[in-house]
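The letters A, B, C, D, E and F name the chains in turn, as written, and every chain counts its residues from 1.
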Amino acid sequence: MKSVAVRRIERAEPAVIDGLATLGVATVHEAQGRFGLLKPHIRPIYAGARIAGSAVTVLTHPGDNWMLHVAVELCQPGDVLVVALSADNTDGMFGDLLAVSAQAHGVRGLVIDAGVRDVADLKRLNFPVWSRAIHAQGTVKATPGTVNLPVVCAGEIVNPGDVVICDDDGVCVVPRASAAQALELGRKREARETDVRARLAAGELGLDIYGMRERLVAAGLEYLD
Amino acid sequence: MKSVAVRRIERAEPAVIDGLATLGVATVHEAQGRFGLLKPHIRPIYAGARIAGSAVTVLTHPGDNWMLHVAVELCQPGDVLVVALSADNTDGMFGDLLAVSAQAHGVRGLVIDAGVRDVADLKRLNFPVWSRAIHAQGTVKATPGTVNLPVVCAGEIVNPGDVVICDDDGVCVVPRASAAQALELGRKREARETDVRARLAAGELGLDIYGMRERLVAAGLEYLD
Amino acid sequence: MKSVAVRRIERAEPAVIDGLATLGVATVHEAQGRFGLLKPHIRPIYAGARIAGSAVTVLTHPGDNWMLHVAVELCQPGDVLVVALSADNTDGMFGDLLAVSAQAHGVRGLVIDAGVRDVADLKRLNFPVWSRAIHAQGTVKATPGTVNLPVVCAGEIVNPGDVVICDDDGVCVVPRASAAQALELGRKREARETDVRARLAAGELGLDIYGMRERLVAAGLEYLD
Amino acid sequence: MKSVAVRRIERAEPAVIDGLATLGVATVHEAQGRFGLLKPHIRPIYAGARIAGSAVTVLTHPGDNWMLHVAVELCQPGDVLVVALSADNTDGMFGDLLAVSAQAHGVRGLVIDAGVRDVADLKRLNFPVWSRAIHAQGTVKATPGTVNLPVVCAGEIVNPGDVVICDDDGVCVVPRASAAQALELGRKREARETDVRARLAAGELGLDIYGMRERLVAAGLEYLD
Amino acid sequence: MKSVAVRRIERAEPAVIDGLATLGVATVHEAQGRFGLLKPHIRPIYAGARIAGSAVTVLTHPGDNWMLHVAVELCQPGDVLVVALSADNTDGMFGDLLAVSAQAHGVRGLVIDAGVRDVADLKRLNFPVWSRAIHAQGTVKATPGTVNLPVVCAGEIVNPGDVVICDDDGVCVVPRASAAQALELGRKREARETDVRARLAAGELGLDIYGMRERLVAAGLEYLD
Amino acid sequence: MKSVAVRRIERAEPAVIDGLATLGVATVHEAQGRFGLLKPHIRPIYAGARIAGSAVTVLTHPGDNWMLHVAVELCQPGDVLVVALSADNTDGMFGDLLAVSAQAHGVRGLVIDAGVRDVADLKRLNFPVWSRAIHAQGTVKATPGTVNLPVVCAGEIVNPGDVVICDDDGVCVVPRASAAQALELGRKREARETDVRARLAAGELGLDIYGMRERLVAAGLEYLD
């Protein structure tokens, strides 16, 4: 594989990115038509964080974290590192020192389809990570990969500059070009849900609010006593 | 598969159910003879919850949460939704809105052999869930399943109206007909354990309290220095 | 398999053990040359604990926790129980009562390549556990195994008396004979990292601090704009 | 768990059982409304076998194959042993000697949610097995389980006397009471498929044979050039 | 997700495609710089097949095989169906009838990140399949997906018209635009390997043929007697 | 990790090794007291091979097969390569060329806790492999490991010169020092089993041959009609 690092990438508008963070993963995923979710093995290392940012994409090899150092230099404030692997791996590719460095350059967090370590430190630093594993296994710096080329991370295509949204439900990718539209659709969805939530809290049934009863009978549902 | 929803089910006595919740999963599982546990991939979405309730059983298909809306209408206060799948799946079949609706009808929690989403909201609502996964993946409403027929959820048979006990150790099913007996046996076990716990805390050994030394030697154990 | 329990084992110096605990898993693993880590399926049952101790090694069979009772008698204050299995298993082999007993004998914690239960109690007792699973499944006491023979636990050889270090990043084994050296190397590593951390926090890049730029170009990395 | 072995069970008609074997797993599964399939981790140890028989159900514990000896005595010619486990396990619970014994009593094959061994011998004996794993790990005979009580095997309820059908696609359970109906429905399905197969082989499209085009458009499908 | 089926796609030259099939997965993967391999959970349903063809890409939902019927109409002789899923699933989405239909339209085989069934029939038809699972679980036709849009299948991006190569080692994707170059590079690699193979067969060591001895010492390797 | 290759190792007697191969994995595993089996994820790449040989042990890193070239030089006729990994990995570390080279030096086969490729070639060469995966993923030669130090491979300790036995049931390790005794015990076991097999084939029950009836009743088994 040719090793390339691309210096300049396009990013979405900061206001759009922050708006998507406020909506959260589940709402944006639905609003953009139910695509863009990373597989469920990607989990936060601690609960409660919610971020969005511009993806700086990295491709590395199992047990080798060299390109993470290359990537940090190419990050801007507001970015999120998105690390894909050329083969499944759980080694601890990122820890305390890289987090301090990334934070110093304004990086908001990390999404990695491998392992991380020093997780007590990462929590104390308030540097959120979504990863496949937590493992202390050390890595080498021997084989270069790529930075800011498109990658497949946990089953999803991530292009450099795409918006990644991360919270307790997982990670969702929004293509940069449609980020503003996703924000608008997400806000509409949220508004509709606020109304529905109130009716459900009052005891109304989804069966009635969404008008499902006839469709269920047509699909063959039969009630017995 | 024929799609059926059964409206009326028998439930155990509320006092029995609440007594079983107090005992917890491990004690009841032991007291009823070591059966009834769901497989260990079913985990709470947040630590510290402990509930018991009458199972309203649901069978759904991968990526389709239609029957959950049907099920909520058939729930009574004190029930727990138990959702089985016709094939392994991790989609986020249940979230904030369904939780609000279920809570409005008195449902105490959810056990689901699939994924859930909006987990930060579920925690804030204090609506506990035991699930196979956390994932935001959206679902459709296209193919009906069943409500209140017997299901196999995470490896265990659950009949509608069975008592399900859920805590940090997992989920245990108690057949409705033997719930009162399980409670009685569980309380006796708990009483015995209180005594043993005090002796162990004082430094006595299980080897002596349980009289294991001779049996171990008979089974071939040899001590070396 | 012949069933043997060895009463006397050699242990490392208490000051060395406590020093290794302070350094933590990731640092010691690196300091001793990147070996000794248990596989990443071994996870703490609650976050925030960090211990080190002398391994009392146990080999048990799936669904059988008899040897844990044998092992507790052979523990001294400062020990950590390390439990290997003769085949993969997730049953809840250890719970509240065994924890009370182990604590009464000064045991600092448990590492087990199987399941544990009563995890809410274990947390309240402040008895930390690193395990493969949490499950309430009860066990029998029918087939003896071994205590204080070498075992393979989660992929690593653990000899009785080896130092095991456990924190949020997992579990690392340090051979007893090289524990003092690992402590010394770990402290040096920590000192170096303190300096690097400060430079990274000030915005310097790992690329420069570690002098990676030339090696990366030599390895084929190409920058594009 | 109380240990019980039930001597007498009801079985389906031999002609019905053999008819179901001829139809095979996929056809019968569809014909009876898409239920009854064991999970896909159950695989044949060699390709090409296709059997059906009356289930003699066994519940055993991880690493303990004692009840298999109890079960063989209760088998009749035409039976299939169906072995469930009280917890996930891959030990080699069944091998050459048990196969010779089972064959001597007319047993047609084995379905087991654990491991088997001596698989070269089993193939030479022409004794087919569908299992979770192949592993030589030896077992003990220490803790009794049950024979001919209902079990959950690989996610499905199997009652003693149910018909189990096994081929390269996996294993399907047909309740004894509905076996004759399943055979009839399966034969009708097979007849319909013979006709459809010929039309498809001639190049006709499923889209036309099944009349899907309008439904697809109604569901939102759009064609682009 | 918007449901779209694209009728016309570009394909690589037939001679290039057939040349890539002759080289096989491992050689082409290396020749194009070590990318393009699907994850190792994709396995052939029977050994010995080796094909290459133009990808007709399909995205379906768990338990729903509707789009496979749409896709068959859009296939040309020499194509290979490549089926991605919107969430992990093992249902038997493809069987005997679809294979007969696909073969009638010249389709060479199937790559699917889900399950297939009727595998004995598929083998008899000589219709090769590379899949995640074998399972008879039936599917519905309720929710449309896409045909001939880019997909991520088993971790790799596949664009419609890309060349997919499939053999006993797995599946490799070659971008249509670089297929001719991959063929050329692959042939050169094969020629080199023929020479090396003869020298290795004569007992020469890779250490000497590849000149590794100095590099190994430089990297720190030490020999002991 | 310090990179070391040890040139000279002790081996067991050829006649002992060949005798163990004749007995096979399951018999030897039982004869030596039920230890030494690699985990069941290690499977043969084709059925029917049965070998035994002296272990030349290799430790490599994920995605790096450099040490395999070092190891081949240190092999003697009758050896088996046993490859452990410093972290879980499925890359195709071994293929056609390395097999030709190993065969030229008399190596009987390969056991590897990672992936292999060119499996059609390996089968044609009659070079048997037991591996964790089949995958074409290419590897680098960047970081040295060790040869002929003790390793943990698929959960078992393997010392250089230990006898490894490999057949369709998996892989078993016999310590060099006890290989002759294991052969003797295995032959006795085999002789006993020949007698038992004949009695079982004649319809006698294991319950009677092994005298289990009383022990089963004592353990609580109850028969019902």
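Rule of thumb we're sticking to: a contact is a pair of C-beta atoms (placed from the backbone, for glycine too) under 8 Å apart; a residue touches a chain by one contact, two chains touch by 3 or more.
Keep in mind it's a predicted model, so treat the numbers as computed, not measured.
Colleague: With a step meaning a move to a chain it touches, how many steps does the shortest path from chain B to chain F take?
Modeller: 2
Colleague: Keeping to the contact definition above, tell me which chains border both chain B and chain C.
Modeller: Correct list: A, D.
Colleague: At what distance in angstrom does the C-alpha mean of chain F lie from that of chain A?
Modeller: It comes to 42 Å between the two C-alpha centres.
Colleague: What is the distance in Å between the mean C-alpha positions of chain B and chain D?
Modeller: Centre-to-centre distance between chain B and chain D: 28 Å.
Colleague: Centroid from C-alpha atoms only, then distance chain A to chain B, rounded to Å. What do you get?
Modeller: Whole-Å distance between the two chain centres: 31.
Colleague: Which chain E residues touch at least two other chains?
Modeller: Counting only residues that touch two or more other chains, chain E contributes 2, 34, 86, 88, 90, 135, 137, 142-143.
Colleague: What are all the chain pairs that meet the touch criterion?
Modeller: A-B, A-C, A-E, A-F, B-C, B-D, B-E, C-D, C-F, D-E, D-F, E-F
Colleague: Within the complex, which stretch of chain E touches chain B?
Modeller: 61-64, 86-91, 135, 137, 140, 142-143
Colleague: Note which residues of chain F are touching chain C in the complex, please.
Modeller: Within the complex, chain F touches chain C at residues 1-2, 33-35, 39, 86, 88, 150, 152, 155-157.
Colleague: Which of the residues in chain D come into contact with chain E in the complex?
Modeller: Interface residues on the chain D side: 24-26, 29-30, 34, 37, 40, 43, 47-48, 50, 167-170, 172, 193, 196-197, 200-203, 205-207, 210, 212, 215-216, 219-225.
Colleague: Of all residues in chain E, which touch chain D in the complex?
Modeller: Per the stated touch rule, the residues are 2-8, 46, 66, 69-70, 72-73, 90, 92, 95-98, 100-101, 103-105, 115, 117-120, 133-138, 141-144.
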